[in-house]
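Two complexes follow with subunit A in common, the first pairing it with subunit B and the second with subunit C.
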Partner chain A sequence: MSEITVLLCRCFGEIDQTISFATVREKLDKDSNISSSICVDSLCIGRDIDAVISQIRESGVKKVLIGACSGLARGDQAVQNLMDRGIARADIHLVDLREGCAWIHRDNPDGASQKALNLIDMGLVFLKNKDESDDVSVTMNPDVMVIGAGPAGLAAALSLGRFGITVHLLERSSTPGGMLKLITRSYPKDDATTPRLEQYLDQIEKSSFVRFYPRSKISSIKGYMGNFKVRFSSGEEEQSITPGAIIIASGAMVFLPNGLFRYGELGNVISQMELETRFKKGNVTVKNAVFIQCVGARCKDRPYCSTICCPSSIKNAIRIREDNPDTNVFILHRDVMTPGNVLEGYYIKALSRGVQFIRFAEDNPPVIKGEKIIEAVEVYDAITGHTRTIESDLVVLSTPLIPNHDNQHLAEMLDLQLDRYGFFREIYPMHPLETRMDGVFICGSARWPVSSGQAITQGEAAAMKAASVVLKGEVRAFTFSRVPGLKFGHARVTPDSCTGCGNCMAVCPFDAIRLQRIDGKYAYVSRVNKMRCKACGNCVSVCPNGTMQMPEHNYLSVCKMIEKAF
Partner chain B sequence: MMSRNDEHNEFLIVGGGVAGITAALDLAETGRDVQLVDTAAFLGGQVAKLDKIYPTDHCAFCPLWTDIKKVRDHPRITVHTSSTLQNISEKDGQYTIVINKVHPVIDESLCIYCRRCLQECSAGAVRPLWEHASPPSFFIDTSICTNCGDCVDICPTGAIDLNRTAVEIVLTVSDIIWATGFNEVDLTPLPEFGIGTHPDIMTSLEFEEWTAEAGRNEGSIIRKSNGNKPQNIAFIQCAGARDQRMLPYCSAVCCMHALKQAQWVKRREPNVVCCIFYTDLRTVGRDYYEYAIRQLEGMGVHLIRGRPGLIYALPDGDGIAVTYENTMTQTREIARFDMVVLNGNLRPSQAQTVEGARGPSLDSEGFVDTTRDDLSRFAGGFTLEPADIAESVIQGSSAAIRVATKTAYKR
Partner chain C sequence: MTVEKNKIRQPRILVFACKWCGLIGADGAGRNRVSLPLNFRVIPVECAAFVEPDAVIRALASGIDGVVVMGCHVGGCRFNDANHHAIKRLELLGDLFDTAGIGRDRLMVSFGTAHEDHQFADVIRKYVDRIEQLEPLEPWVTSLVKK
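Take a look at the complex of A and B:
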């Protein structure tokens, strides 16, 4: 029975000046699978298509094989043109006859014609045997959950509230604010944090869309984009919500420099955060203050720059100098990390306020002198080549942000990736707030150490991403694709032959496969979540008996194709 | 829901780089109509011109084209390439914008990339639109074209029309997002960098193009002057930047950019000596510092702290002399290099607007000042502050949500 129409694109001579379409069509006409072969000038430029479509319709044949150029050239356009006119994508198969055949075999037309025939033959058996994945649709729940009520989380929640989206804002402590609560001023504008924080709290209180849950602890997160199921406790109360998207804004912790630069041994050797606490209590009056940068950062244990420590030291150095111009302030650094226009201006401002910067080398760090109290800091100035002894009564150790302890727990619940330090990892620099899991977004210092200003920007950006998820309404699983167009397919398991070995579950990078107990038996069968499946095919390659298949590329069609090739 | 009212509003995004296309996609995905204007013939901005991106060392094109294709296919986004802003006027909270759109001589939607025009053109005016354009197509450089019409006759699809001229398009939008990116500053006012005195002294973007895998040299590291393999290459950081005479700010992306370029030189030609002359090695993003360590220790890239005082072509016309003080050893030195790459001369761009027309308010350094007036309130990417790809994308999304929820802000 003939069931396939072959469309051959001449590409205005680009293909048929090398490949003899007469020879090809002669052979094709003898094939009983083919109802007809149609030759057109071009399939990507829509002039001839309507005539072709009516011809296909009249013949009553469903499946179409296209012999044209590569999909990356204009082949995809040809496929799209057919789809626009009502032919299902699953019934179309594209064979590359231009880039992969005609153009590279210009000097051997006979061979090219033979290769074209082989390619078409392979395409025919493929099209004949391939199957079609089932599609399901899901309605996006209209709520968003934001984890963490620091600057990033607050910005995300308020932005979503302005969109008219209900936000569940979870916070582990009893009040919102995060690290903004610990500091009194934020760089680079040196504005006080308290009014800003109060403004945020006021907006949250007034917003009818933001629900704040203090003292929250998440116990489980299940589900997928559009339909998460979250159980958590807020205080004594057990809660359960079903958000459509999740924003992680859980922040980071400050590294405590125990044992470094005699911290803990000498009274006035303090960390940057302790200096912030002193500012909270009132003015800090000292004679000579020394800031040491990169304490516990850019070293073997933590080989990263934590972004915020240089500007933070500059902020506090300027403040000490402004409060008391007689104080000498030194910043001992390895590189002054103030990239960009705003921060570079901040650095210049510190220089103009008389803050002194001294560079030291990583292998020759400063030494704090003194028995019971700090007497001096001895540092080898790498620029002048002289060792300087700075009399000092306050040493501030600028330490990096480190990831939260519970990042691991959260990452396991959501099947997210952490980077080697323990911060949440994005999928790619071009998509910096998106994670491997659709519908889960990261922002603020949970992703990578950032200033409060950057955290707010990231919170807003993550809110935008979450909004574009939950405002979608009803969506088909096929559209959950990160690349343009539709998803390739969904893995499919045949329950009767599945042994429940769990190989597929182990290799699935998207946590799309679960083993399900068969009722009344001590046996399991795997189940694919079509919302999460990205059609990577990992499960297919580890399935011991070929039960797991990608219908669009199943074993039968691929093996038949290989058989035809040789 | 407050958004009801907004849904009829159209937004204009000026600049089709990563910040602009991200903002456009975000707005379109939440049901807003977007007009996207760019002066270039294709979307992607500066990232499209990069060979590789840090810190992944992947080619820049792969993640970019998927987003470009989404933008081009999105029913809510109208793309105007080869277009410049002529005029902006404001009335009743709406902006009326006149753009000048130059239609390309070759219609992209009809070009089948058969190369017949390329072979026929005797003037050499036909060139591929962009190495990575998908679908691929050609364009005709009208400054070289002799209007002979041979290509029109040979084009099988009738894609070429030499009479195609610019048209004026009037748009009415409620808000504008500025994402105009950056461009390179001419370094000739700073003669100590020797730009223009020797073909092997080039800026980093020129070097990127010169050594690109998809470019004319197919990734080989050769000198511009004689085509030979260089013995050593100097990467000069902060050229024109952090310099009160030209750009007082730090361009933020150049340290990592130089490390990336040095690494790709090393990967392709392990024997070429690469020296980076830096002031502060600003590696603040995820994996950036480890990337730097990897290049320095693993790849053998040399790092010299110092800003060269003078770079000049040697009298024999072959090498380039770099005089500098190594500030970590306090020694003054002079070294001979085969190639010199200048990094840092990046300035926020206003190239999307014709001269004299109203544009966004700028601060003294040329960045968009979002606090000044309503027209300049929304911006993202390098035009707002020096930003790399990830930061530009974040700022694009952030500007998009601010513009989308603007009415709620006012309440």
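Take a look at the complex of A and C:
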């Protein structure tokens, strides 16, 4: 019973100058599985394909094996061409004869021909056993949930609202604004933050698409991209929503330097955030102000750079100097971190305004002198080698942002990963703001400490990503692929032979497998969520009795391919 | 003469290449016309985690001299942490081969080392050389069966 047509692409001589197609076709003609072998000049040219397709149609054969270049070169295009002309995806298989055989064995044509035959044999058994996963489709819920109403969350909610997407904006405290509420000016342009925040809040209030839930606490999140089920309490009320995508903009916390540099012991040793609240009340008038950078950052416990403390110190130093030009301002730093096209100019501006920068070494930090009030700060200048005593009446400690305490809880609910410091982790640089769970995006300081401007940018970017998810309408599970193109398939369980051991559930990197109790029995059977499954095959290789299979590439075809390999 | 007899003349090597790393290396080697020994056949897989330990054993049982599994480097897997699991499994399989007396040289696990053409060629050439130093499995197995 002949059921397979073999298409051999000459690639205008690139393949058949090494591999002898005459020998290959001679052997193939003897195979009873093959109805015919067709040799074409090039499969990526439309004219040739049309001729081939009509030939296949006439013979009435369904399955097609292509022997051509690799999928990464033009092979996938050839497959796509056949699919466009009505041949099912499950009935086509591509064998790489050019990159995988002809071009690497040009010194040995006989061996290359033999290898090509082996490769085609392997392809034939693969195609014979190839099945197609049954596809399901899902309707995307058109809502988005945004966790946290800081600058990132507000920007995300607003730009989604402009699209006409319903947004559920959850906030832990009673008013929106996040850290933008606490500060008065933002670097590098020194614009006032209050009008910007008010503008945001005004728009949120006017928008009919944004629903704000103050004092909310999430109790559970279930489901997958397109169909999350979230239960939370807002104030006293219990709420339940079904968003299609989730944006995490929960922000970060300020580190309190308890016990460092006599903080808490002397009155005028304050943290950067306390200086911001003093600015909120009015002008700060002091004689000499000293800023100490990297307090509790870039140390053993927190080895990261928080990126926002240097520009904020520069911002406040310039402000103190401009308000009162008689004040001397010193910034004691380990390195000044002002990257980018704008912030370096900001540093130069601080220098020109007369802010003095003194570098100290990590192992020789500044010492604050004084009994009940600050008298002076003694610092060993690491560049000149002199010990300097600076009279001062205000010491500002620049502390980093640290991850929120409930990040762990949120990460467990959503099956996300935290990095080693406790911030939310992106999957990898090619997919910015995306997490290992499809449909869950991170932005702002929940991801990494950022300034308010950057948080707004990231919030809007995350909003666009979420919009591209929820505006899709009905979506097939095959398109739920993280990698380019269509998904390979989904794992399939044969419920009759599943013993319910749970190995597959333990190894699934996407949490796609659950054990389901069989009614009336104390036994379980595993169930695959086709939306979450990405077809990596991890469950297949741990299944003790071969119940879990990838229909496209099952164990039988792997074994047959091994047999045919040489 | 006897020494020659006990060595593998034309090693048969099966390569399970992850579509996102090893296969890209293989493809690059082809594009750059790197000349490679004929002794290997590539089975493309979606992820290195797809490779069943059972399949590796079956390959060795059916006359293949060495198996290479190529995957993405740890932390760079397209499927979250799928290749962490694969590494653990295949390391255990190596231990099993040591215990059984076959030796873990029969299985080479290469994660993140074959992404480029010259790296792929290097891995293949070195592995062919290594396998050529080993004794064929078949006489060893038949001698065990006879006992």
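Assorted remarks:
The rule is short, and it goes like this: the second predicted complex is superposed on the first by the 565 of 566 C-alpha atoms of A that agree within 3 Å, B and C clash if a C-alpha of one lies under 4 Å from a C-alpha of the other, contacts with A are read in each partner's own complex, and residues count from 1 in each chain.
Here, contacts are C-beta pairs under 8 Å (C-beta built on N, C-alpha and C of every residue); 3 or more make two chains touch, one makes a residue touch a chain.
The shown structure was predicted, so the numbers you read here are calculated from the model rather than taken from an experiment.
When the two structures are aligned on the shared chain, A:Tyr304 is found in touch with subunit B, with no touch to subunit C. Of the two partner chains placed around the shared chain by superposition, subunit B is the only one that A:Pro339 touches, whereas subunit C remains out of contact. Of the two partner chains placed around the shared chain by superposition, subunit C is the only one that A:Val542 touches, whereas subunit B remains out of contact. Of the two partner chains placed around the shared chain by superposition, subunit C is the only one that A:Asn118 touches, whereas subunit B remains out of contact.
Residue by residue along subunit A, subunit B and subunit C are tallied for touches, and B comes out ahead.
Residue contacts after overlaying the shared chain place A:Asp107 against subunit C, while subunit B stays out of touching range.
By the touch criterion defined above, A:Leu418 reaches neither subunit B nor subunit C.
Residue contacts after overlaying the shared chain place A:Thr384 against subunit B, while subunit C stays out of touching range.
In the superposed model, A:Val483 makes contact with both subunit B and subunit C. When the shared chain is aligned, subunit B and subunit C each come close enough to touch A:Ala73.
Subunit A uses residues 72-73, 428, 482-483 to touch subunit B in one structure and subunit C in the other.
Residue ranges of subunit B in contact with subunit A, taken from their complex: 1-3, 18, 26, 29-31, 53, 55-56, 63-64, 66-67, 69-70, 73, 109-110, 112-114, 134-136, 156-157, 242, 248-250, 252, 255, 280-290, 293, 327-330, 365, 367, 385-391, 393-398, 400-402, 404-405, 408-409. The touching residues of subunit C, when paired with subunit A in their complex, are 12, 14, 20, 23-24, 26-27, 29-31, 33-36, 38, 41-47, 49-55, 58-59, 62-64, 76-82, 85-86, 89. Taken together, the subunit A residues at the contact with subunit B in this complex read 11-14, 42, 44-45, 69, 72-74, 76-77, 159, 162-164, 298, 303-305, 307, 335-345, 348, 361, 382-385, 419, 423, 425-426, 428-433, 447-448, 457-458, 460-465, 467-468, 471-472, 482-484. Interface of subunit A with subunit C (complex): residues 70, 72-73, 96, 98-100, 103-108, 111-112, 114-115, 118-119, 122, 427-428, 436, 482-483, 488, 507, 509-510, 534-538, 540-542, 550, 553, 555, 558-559, 561-563, 565-566.
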